[in-house]
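Next come two complexes, and both contain chain A; in the first it sits with chain B, in the second with chain C.
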Partner chain A sequence: MSERPPVTLTIDGKSVTAAAGTNVLEAAKLVGIRVPNFCYHADLSWEGSCRMCLVGIEGRPKLVPSCCEEVREGMVVHFGRPDAEEARRRQLEFLLVNHPLDCPICDQAGECKLQDYYMEHGGYDSRMPRGLKVHKRKVVDLGDRIMLDKERCVLCSRCVRFCREVSGSHALQFFTRGVTTEIGTENNQPITGDDYIGNVVDICPVGALTSKDFRFKQRVWFLKSAESVCTQCATGCNVRVDHKDGTIYRYVPRRNEAVNKSWMCDYGRDSYALLHEARVTMPRLRLDGGAWHDADWDEALTVVTVRLAEAKAADPASIAVIASARQSNETNWVAARFAREVLGTPHLDYRVDGSQAKTAEMQDKLLRRRDPHPNNAGCAALGLAPAAGMGDVEAILAACEAGKVKVLYVLGLELWTGRSDTDRVARALAKVPCVVVHAAHALPAVDGVAHVILADAEVHEQEGTFVNAQGRVQRFERVMPPAAMARPAAAVLADVAGRLDASLPAGDGSALFAALAAAHPSFAGLTWAGLGRFGAPLPQATPQTVGS
Partner chain B sequence: MSTLDTPRGSTAADPSKFWGEAKDAAALEADPTVRVLRAEHGAAMLGVEDFRGDLSVTIRPDDLLLVAQTLKIHPELRYDILADIAGLDNLLLDRTPRFHSVYHFYSTTRKKRVRVHVPLDDAKPAVDSLTPLYKSANWAEREAYDLFGFDFVNHPDLRRILTHEEFVGHPLRKDYPPDRRHMLSRSYSAYPGLEAEHEGRHTLVGADGIERVYVNLGPSHPATHGTLRIQALLDGEIIVDSKTEIGYLHRCFEKMAETHTYTQVFPFTDRLNYISAFNNNVGFAMAVEKLMQVDVPPRAIWIRTLLMEFNRIMDHMICIGTNLVDMGALTNFWYFFNPRERIYELIESTCGARLTVSYGRVGGVAQDIPDGFAEHARRVANEMPEFIAYVDKLATRNVIFQQRTRGTGVVNRENAISWGWSGPNGRASGLDVDLRRDAPYGGYDGLEFAVPVRTDGDTFSRYMVRMQEMHESLRIIHQLLDRGVPAGPHITRDHRVALPEKNRVYGNIEALMNHFKLIMHGFSPPVGEVYSYTETPTGELGFYLVSDGSGKPYRLKVRAPSFYTFAANDEMLRGQMVSDFVAILGTLNIIAGELDR
Partner chain C sequence: MSDTTTSVVYTPIPRPRTRIPLRPEALAPVAPPPPKAGQTPPGAPSSERPSYFHTAYGLVVTMKNFIRSALSRKADPTVQYPEERRQYSPRFRGIHQLTKRTDGTLKCVACFMCSTACPAECITIEAGEHPNNKYEKYPVRFDIDMLRCVMCGLCVDACPEEAIIMTQDYEMSATSREQTVYPIALLADRPQLATTPPGYRPRYEPGETLVR
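Showing the complex of A and B:
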């Protein structure tokens, strides 16, 4: 398809050049014409059942569905012609003949295509007498995630095609015929064994399929949106974060053709809830075997600075720093410079749980990868792995156990959550006189061994970049300010460096990324703006060690 | 399709045609303004557009002062009034550079308007001040400096005007969050030496070395009728210098409008000139109607015109009534508040509200008038002349009143034009402009009424103009009542903007969806910009409306007549008796809600 030369056609008098194999509907988007459609979806097969996208094409006696019409050289398309407009208006009227009066109680209201198209392309007065509607089953429980309302359905078959072509579960099907046609599962059984079924809620253009998790929690027009990346595996599916008043209500996959198309897995979809769980909201200290107490940042960082200065003066190699594949490139880069330039220790690693070896491995056929961290590839590109001959995480733990490590500085919680040998970690860390942890979430195992816990900002509370398994650098936006007193680790590291009379770059993720791209060959040539909403691949460069 | 998918701005290849509506190029070039500017400043012209009948020219920033001079003095153009300056932040529009300073010029002789866009640098938005040419630029540029951070080079007094001195940032920039708040710690004085006023200082040594008594009038002074503050330096009883400070009632109406749907903006417009709230409703509705090309049914136009004239009478009554109270003539106040009550009853019968009515809607009015409305209106109109006559007899030829008002607070015609005055104040200074006559909108075409103009420009003239205008408004009302209420709907049937009737909402899905979308999302005008203006009781109320195609105004700039009237205050007060201050202020009819927005 891609080998054929692009073709030039005319749509409403505007000339447009589109790749061969594109349909007229997509070509129209290039000149700013949004053709209404229910059944067409960019990542599903062409169906042509809803007839909302009818356009006139010169030389064709009848109107043609633009979603099923490939562009041809010299084609002359009329979208705004009165007969096409009238046909689309009448088609909408057909689709609404049996539609229930549900808007006030429908969770889709506000992001419903029937509503939008009525405003944009309908605008007619109803001719349907009251009481003649064909009714179907409402509130059909389709398992853990989906609620089906059969009479709201416009039979576009997007969900049916999704289950057939993408997830392969064939869970949703058409049943019966004519005016009683409906979608559903065999005997209305709950859907099981489809880890991507949440996507049918997103692609349903009306309120037929709604999310059990999200429905009735929030009206969509109150939500604010930010663009981010899912952090639950190395794929880095692009997501839209919908939030209001400091609470995230849902993730919605954001179309990125190069990464996740329009999809995301249910596991990632649910992970928004984890962001708010058991947050560490202020720094905490435990000094000389005493009890934990809350501290302010100045007190906590004074303790950290004193311990680091003492250990550095005695022997820089008695300090070990563990970076995190759940932190952004910017934070890890600052952490690496903190370890190597400010502290002068060679003991730096990020490979705490062996996940970096699985980055490329797929867990299923579609999107999920076995590596549960979003940024192992970024850490590798930053060259955070110790140089040959130096100790890795296992060596650091061994040194801890041998009592050689005086300060262990840890970003993130993977040392406790990612490893199976929790006893060994606890045993080794018990020997370290000062363990500093940047933690966004409280964890009893950390309380048992740490001495300073620094409240870390979660991913949605800062901006930055991850590198996914494909080597694609992707931005995530700051959705909301950090919870309570939490601070992004990069800013804290720069603060501590300042107290140690050294200097590290500070600023927002965008500023740090600019500094990183200027300083690090792996990221050379990339710019924050250039990454855009969909990211850009890493320039092909061999990972090198940062710092001196 | 969520609102996130709504395209913003135009993708047109020609950057000079941002709003995408091309008029016949030859006709556009033949326009005198375009022709003269091309001939005189060809190199400075970056683009010419005609959208919804508004001529808009984009000018290179370096040439603004010269272009403005040509616009002002060229015999074929003579744009003698700088009506308004609006900042515009293009951050969320598909357009560079980020900032535009937008000027609206008006020619009182040719009755023509032109809009000038000046693109400004993203990092350091700066452009020459127009204060050497137009006095109205003084406050207008201070406002753009305050709300957008534009630097106007050679402005004599560039400091914040609507927000507090301790405000951080520029609130109308698109990256300024609407809910950000600031801690404000203390009060400041425009006279640097007077900041310690709370320590009991009452005098100030001026630049000439003379120590003068300092009087602080307002912000809570009974005669300011609103929160205004004038700091005056006195030589005996003569005001030698003053500093007018406003912003005490600033709500950032324009920022609020950007976060609300078009219909939700109506209650905010009520609170501009709240003495005649309905006129603001109509002014705003007309801007949206111009942008969306909505036809308003004759019945709605009739209702609007009738109520606007009643509101004008009421507004003038309050102005004159309170003005006379301030001069000690309390009886007149009662004579004018009594008929005002009758008008309120009439307004109440239409929408249930009295002061802040929110009765206007895009495409018409919110509800139909009740049965017997015309008779009710006729009754009220017939009561008015008696009360006007009472005040006329008590005040107009009263010696004390004449002595206090004749020759005080004089603004001559030249200054009135330069300050951008309009409405009754402008007409009292010989500025023969009335938009109802000069640019007939709504129902004013075909109505017979005179436009009273006086030339003295003093407090007495302003009083007289208002007294005469009330009679003219009554003439208009009687003509409308004689014609009878037109049949038909009170609001357009256009599904884009008007709510369907409730019985249809409950009866069919189309009307339900229509209602739901209009209430929850509002309507989305096309991408574009318009300037729409009406003659309110205080003068030319203009709405400069920019739409990015979404359900909320991208930018809504109010050209508040009180703002431009009051800008002349310090100049007017110089050399006046301090006791005349209240009489002068009262006659300007400054409404703080409109002044500060």
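Showing the complex of A and C:
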């Protein structure tokens, strides 16, 4: 399709040039006309079942659905023609004939296309007597994720097409005919074995399919949104984070044609809950075998600084720094400079759990990858991996076990959560006199070996960038301020460097990214604004990171 | 006598039509304007003789009301609270009430319309799955913070189910802040509801029964 030349058409008197193969509805978007539609979805096949996008086209005797009409050269389209407007209004009235109008208890209210289009294109008085509506089953439990209300459905078939074309589960189907047509599963059985079924809630334009996880938690008009990236695998699906009063309520996938289309997996969708779990909200100290106690930042960083200064004066190689594939490029870059320039140690690595080798491997056929971390590719691009046999994680652990490491400075918890040989880690770290950990979540295994735990900001509490498996640099926004006294690791590292009479770049994610792009060849030429909402590929994507 | 002392007609001070924005300089103390030529400066002793007639007239009015209310209970404006209670309008906006369906369940479907409309943000709702599938959604928690509430009645206007109305109950004294947050138990089932008539409920239609 793409080799055909673009075509020029006229929509409501405005001239548009659109790529051949697109439909009139998408072409209208280019001139700012939002054609109402229920069944059309950019990442699904064209169906034309809802008839909400009817437009007049010169030379055609009847109104045609613009979502199923491919653009042609010289086409003259009338969106705002009175007969087209009237047809859309009457079609909306038909769709609402049997709608239960239970907006007060419907989770979709506030982001419902029926509501929006009624205000925009409807505005008529209902002619349907109350008792004559056709009733269907409500509150149909379709497994762990989905609640179905058959009455609210407008039969747009988006969910049916999603199950057929994208997830391949064929879980949702149409049943019966005529006015009693309804969406459902075979015998109303719960849906199992579809790891992407959560997406049907997002694509449902009305309240027929709602999320059981989000059910009745909040009304959507109270929620504030920020744009972020899912951190549960190396794909880096673009998400919108919906939150209120310091609590995240849901992830909704953001459309990014280059990465995740409009989808995300259910595992990633649920991961918002992990962000709030067992947070470390204050720096904690355990001095000379004593008990843990909460500290303020000044006390904690004084301890860290003194231990680092002592070890550095004795032998810089007795310090080891472990970066993290769950931290942003900016944090890892600051950590690398902290290790190499401030401390002067050769022991720096991020490959804690071997996940970096699996970055390109897909776990399923759609989005999810075997690498559970969002930024292994970024760490590789930053050059955090030392040459083989030179101070990698295994060498660091061996040195710890031999008692050669005096201070171990760890970002993140993957050393404890990602490895199968937990005994060996515990044994090796027990020999280290000072283990400093930047941790956002409490973990008993860490409490057993660490001496200083620095409360780290979670990904939603700072801004920065990740590099996904395709080598695409993607921004994530700061959704909310850090919990209690937690601080982003990059800021803490700069603070410690300052106490060691050195200097590291400090600032928020955008400032650090500008410094990173100016200093590091892998990121040369990229700008924070240039990354935009959808990211940009690394100037030269390293071959090992490019996915299948 | 000059004009100012003979005038007994109360003339209201004309209010400015436009709203005057509050500026920092407006808050600063303003020096009194200098007295005009031929006028007594404010605060200076008056050179005029006092009028005893008006004092006596005022005393007559006072004595007339005193004697009238002493002779007749009907003319006495004092309400002997708490033995006696003032009758308020049926549209009085007193403490809220959560109404019930005929089967005794709360009418409220936890749609959050009232808390969305509330200008004082005093309504806290948590929604839950109703054990009866027919009703689907109901409030697990419904609190009104009476200290924040401004008794405007917008929640009643916003309610699509007539689930929240106001009553003529106005006694909400409490000995702690916690007691001023009314949960469902107080909003729907407080004993005062048996004795106080309903207040503001704009959706009421004559003949309608109110389940309380």
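Following the convention adopted for this analysis, the second predicted complex is superposed on the first by the 538 of 548 C-alpha atoms of A that agree within 3 Å, B and C clash if a C-alpha of one lies under 4 Å from a C-alpha of the other, contacts with A are read in each partner's own complex, and residues count from 1 in each chain.
Keep this in mind: a residue touches a chain if its C-beta (ideal position, glycine included) is under 8 Å from a C-beta of that chain, and two chains touch if they have at least 3 such contacts.
Bear in mind the structure is a predicted one, so any value in this text is a computation, not a measurement.
Chemist: With the two structures laid over each other on chain A, which partner does A:V220 touch: chain B (first), chain C (second), both, or neither?
Modeler: first
Chemist: State whether A:P104 touches chain B only (first), chain C only (second), both chains, or neither.
Modeler: After superposition on chain A, A:P104 lies in contact with both partners, chain B and chain C.
Chemist: Have a look at where A:V139 lands relative to chain B and chain C in the superposition and call it first, second, both or neither.
Modeler: A:V139: touches chain C, not chain B.
Chemist: Counting only touches as set out at the top, which of chain B and chain C does A:G32 meet: first, second, both, neither?
Modeler: Touch status of A:G32: first partner only.
Chemist: Of the partners chain B and chain C, which touch A:A529 in the superposed model: first, second, both, neither?
Modeler: A:A529 contacts neither chain B nor chain C.
Chemist: Now for A:A313: first (chain B), second (chain C), both, or neither, which partner does it touch?
Modeler: In the superposition, A:A313 touches no partner, neither chain B nor chain C.
Chemist: What's your read, chain B or chain C touching more residues of chain A?
Modeler: If we count touched residues of chain A for both partners, the winner is B.
Chemist: What part of chain A is shared between its chain B contacts and its chain C contacts?
Modeler: After superposing on chain A, chain A residues 103-104, 109, 219, 221 contact both chain B and chain C.
Chemist: Mind pulling up the chain B residues that touch chain A in the complex?
Modeler: Residues 1-2, 4-5, 7, 10-11, 495-496, 504, 506-514, 516-517, 520-521, 523-524.
Chemist: Can you list the residues on chain A that touch chain C in the complex?
Modeler: On the chain A side, the touching residues are 102-105, 109, 138-139, 215-217, 219, 221-222.
Chemist: Could you pull out which chain C residues touch chain A in their complex?
Modeler: 109-113, 116, 127-129, 133, 136-137, 160-161
Chemist: Given the complex with chain B, which residues does chain A contribute to the contact?
Modeler: 31-32, 34, 93, 96, 99-101, 103-104, 109-116, 118-119, 122-126, 128, 130, 219-221, 225, 240
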